[in-house]
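For reference, the structure I am asking about is given below.
As written, the chain order gives the labels A, B and C, with residue 1 at the start of each chain.
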Amino acid sequence: MNATQRRRLLLNRAILILSTVAAVIGLVFLFWILTTLLIKGLDSIHWRIFTHDLVEKGLRNLIVGQMILAGVASLIGVPLGLLAGIYLREYGLNSAFARFIRNLSDVMMSAPSIVIGVFIYGILVAPVGGFNGWAGSVALAIMMIPIVVSTTDSMLSLVPQELREAGIALGASKAQVILTIVLKAAKIGLVTGILLAFARVVGETAPLLFTSANNDYFTLNMNQQFPSLTVSIYQLATFPDKPSQDLAWAGSVILTALVLLINLTTRYIFRKRKSK
Amino acid sequence: MFNRLFRLSSYTAALLVLVILAGIFGVLYYYARDAIHDFGFWHFITTSTWEVGEDDEGGVFGGLIPILGTLFSTGIAMLFAVPIAMGIAVFLTEIATEKLKAPVGIAIELLAAIPSIIYGMWGLFYFGPMLQRLFGGQSNSLLTAGLVLGIMVIPFMAAISRDAINTTPAVLKESAYAMGATRFEVVKDVIFPYAKRGIIGSMVLSLGRALGETMAVAFVIGGVFRFPHSLTQPTISIPVLLANNFAEAGDLELSAMFYMALILFGISFITITIAKFFFLKDQK
Amino acid sequence: MNLAMETKEFYFTYAGAEAPTLKGIDMPIYANKVTALIGPSGCGKSTLLRSWNRIHDVYPGNRYEGEILLYDKEGNEENILSYSKEDELIRLRQRVGMIFQKPTPFPMSIYDNIAYGLRLAGIKNRSELDGRVEKALKGAAIWNEVKDRLKQSAMGLSGGQQQRLCIARAVALKPELLLFDEPTSALDPISTGAIEELVTELKEEVTIAIVTHNMQQASRVSDYTAFMYLGDLIEFGKTEKIFVNPKEKLTEEYITGRFG
């Protein structure tokens, strides 16, 4: 074994060990976070949390509020994202305009979420004179749009061209082909994308801080300040008293469990399709 | 008829992406115009005072400290995250046994989905105090913020890089092994060049996330308007300034806040655009 | 006649599998001859070929039993299955090169593709590299097509050119044995012809083993043929013998296209 050879092998060994060590370091941190969350959370979750509102040291109104905020955001953001994605893949393809929008959508995906909150404050809070649930939902919807655009774009690109041609050959219009054939063929991928977009925004805090803000009481009226689990976690965690902090941990566990549940469900749906 | 209508509405939706982005710039500029008028650009970004005047009227506002806080915390995050995320990606694709790949891979993906506020809380109650015991200084500091940000983007970066690496055809790797390459040489000479786009893409996306992240940082950076003379001192970043002070700001201060948001958006926009232009040109 | 390699009582089992894929293979490979491996898909011919440079070791958990002896020019033998250290495997792969089903140019320039293995082997001298790259490209009959664009990406070449580039890349290391794993299955007839011609020329310098699903190809290029079926070596012999007058009924049925 000559010197070059020896050096190559040593370098190889060193890098492989370093990669493994890096992986272990990363995993240790991540494991630490999860166990902390689990221990603190299970410690502080009681049944009464689900039946009382924040004003009585419960989380009921916050969980419901968070789901409504994200749900309404989906009602706004998903159709728009789907339509834009359909345009990019089915009409625009590689035209300069489509490429431009695709790039902008990617940039929008990286836009700081707090900036979106500030923007919505400017158009939906300041002009109407107060925080309101709609503003929060629109802020979340703006975060969803580029995610849905991007997954729609790539999921539709997986639909074989022959399928579209076959539809056209039967005399269907382009819109009919898209709505009845292409979307159906890409259904599972699209659902996956939508669920992931939902999971991404349901855990957001920053865009809600000065749009829907927060509400200690239960409400379904989106014209007023709206209860939010994430915003409450932020506020409760910085209070010095233990009950508040415990409530923040309980909220964190519930939020994480919800997000992970959606992710696991998505994974399950996707895998089921693959195995077919 | 329906056909045309459908086309038109999908076109409108696509156009909306442009309208929203332009709208963000426009609205932020509109509200920031007083601060822009009073402080200019160069003066604003080089001034390190943030003081409200008497009776909440006027004041002197400069963005230097939060801008530096944002850039430094992001820099620390990337320095910490890139090697570890690459290590995880290489480990998951080229080193781990089949039995380890799936569970560790799924764990990484799930961790990437955890809301950032959870990372922030963990940093506040556990990681920050630990760093303080190790390095002294304060529990909430630039270092804590940077590292928490880094830890937050690691799973995200690792998961995307792993997917990119996995697209390398097995036969391409085999042909490098068949020439007597070591595992590291295959990674360096074949896999990384082949998966370059995806790997750099993962870094760019992570950079974007770190730059604009609020909640993971808000708990742990300290939130004080002060230049940190060491890594273990507290400071503030643009998102945290907005999160903490936006709702209570007076007229001119609010305008300065919008100015800060505009600058943050500008930084993120320019970074992502440059990165896309240089590294991620459309391959088509 | 000199032996280049000899496989004895060889069993191969894939990771996680119960039963072996190759069941007691015994066969020689003669030096400076072309040996073809034929058989229906799933018969184990590629698995066997891939054992000869132990490329299976890239994936953990695969198991070998038996002996595979590699002979050098002086007739000294080494059992390649006894190798366990990485440097032994690297040395083995420098001695036994491999060409794959699909062309596998690395994402770098034409020149760097050829120089890659040489640099790994420790050659840094620029003029020596230039010389060996040119020689390898000439040896693979592609020099005239690429000599003016050595610095350009290898991805821009046609499929047939890419495959000849890969052959040049392997030849550059001056291997003793070259393994071809269905090298023309992704190519058009003209490129296929060029590769076959190249294989015939190369055997002056190097011993060749080739897996092919194309029986005409086996009869055109090989001196010896091995017919495999369900993990067994059914028959081995001179190519004329196998194709004209096989001993085994199974071989005859396969050759005449009764199954496959």
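In this section, contacts are C-beta pairs under 8 Å (C-beta built on N, C-alpha and C of every residue); 3 or more make two chains touch, one makes a residue touch a chain.
Values in this document were obtained by computation on a predicted structure and should not be read as measured data.
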{"item": "A-B against A-C, pair bridged by the larger set of C-beta contacts", "value": "A-B"}
{"item": "Per Cα centroids, the chain farthest from subunit A", "value": "C"}
{"item": "Averaged-CA centre spacing for the pair subunit C and subunit A, given as whole angstrom", "value": "50"}
{"item": "Centre-to-centre distance between subunit B and subunit A (centres being mean Cα positions), rounded to whole Å", "value": "16"}
{"item": "Numbers and ranges of subunit C residues touching at least 2 other chains", "value": "86, 90, 120-121"}
{"item": "Sites on subunit B at which at least two other chains make contact", "value": "182, 185"}
{"item": "Multi-partner residues of subunit A (each touching 2 or more other chains)", "value": "8-9, 12"}
{"item": "Complex contact set, residues of subunit A against subunit C", "value": "1-2, 4-6, 8-9, 12"}
{"item": "Residue numbers on subunit A that touch subunit B, as the complex places them", "value": "8-9, 11-12, 15-16, 18-23, 25-27, 29-30, 32-34, 36-37, 79-84, 86-88, 90-92, 94, 97-101, 103-119, 121-123, 126, 142, 145-146, 149, 173-176, 178-179, 199-200, 203-206, 209-210, 213, 230, 233-234, 237-238, 245, 248-249, 252, 255-256, 259-260, 263-264, 267"}
{"item": "Subunit B residues within the subunit A interface of the complex", "value": "2-3, 5-7, 9-18, 20-21, 23-24, 27-28, 30-31, 83-88, 90-92, 95, 104, 106-111, 113-119, 121-122, 124-126, 151, 154-155, 158, 182-185, 187, 204-205, 208-209, 211-215, 218-219, 239, 242-243, 246-247, 257-258, 261, 264-265, 268-269, 272-273, 276, 282, 284"}
{"item": "In the complex, subunit B residues that touch subunit C", "value": "97-98, 169, 171-182, 185, 189-190, 193-194, 196"}
{"item": "Subunit B partner contacts - residues on subunit C that touch it in the complex", "value": "15-16, 53, 55, 58, 60-61, 86, 90-91, 93-94, 97-98, 100-102, 104, 106-108, 116-117, 120-121, 166, 169-170, 173"}
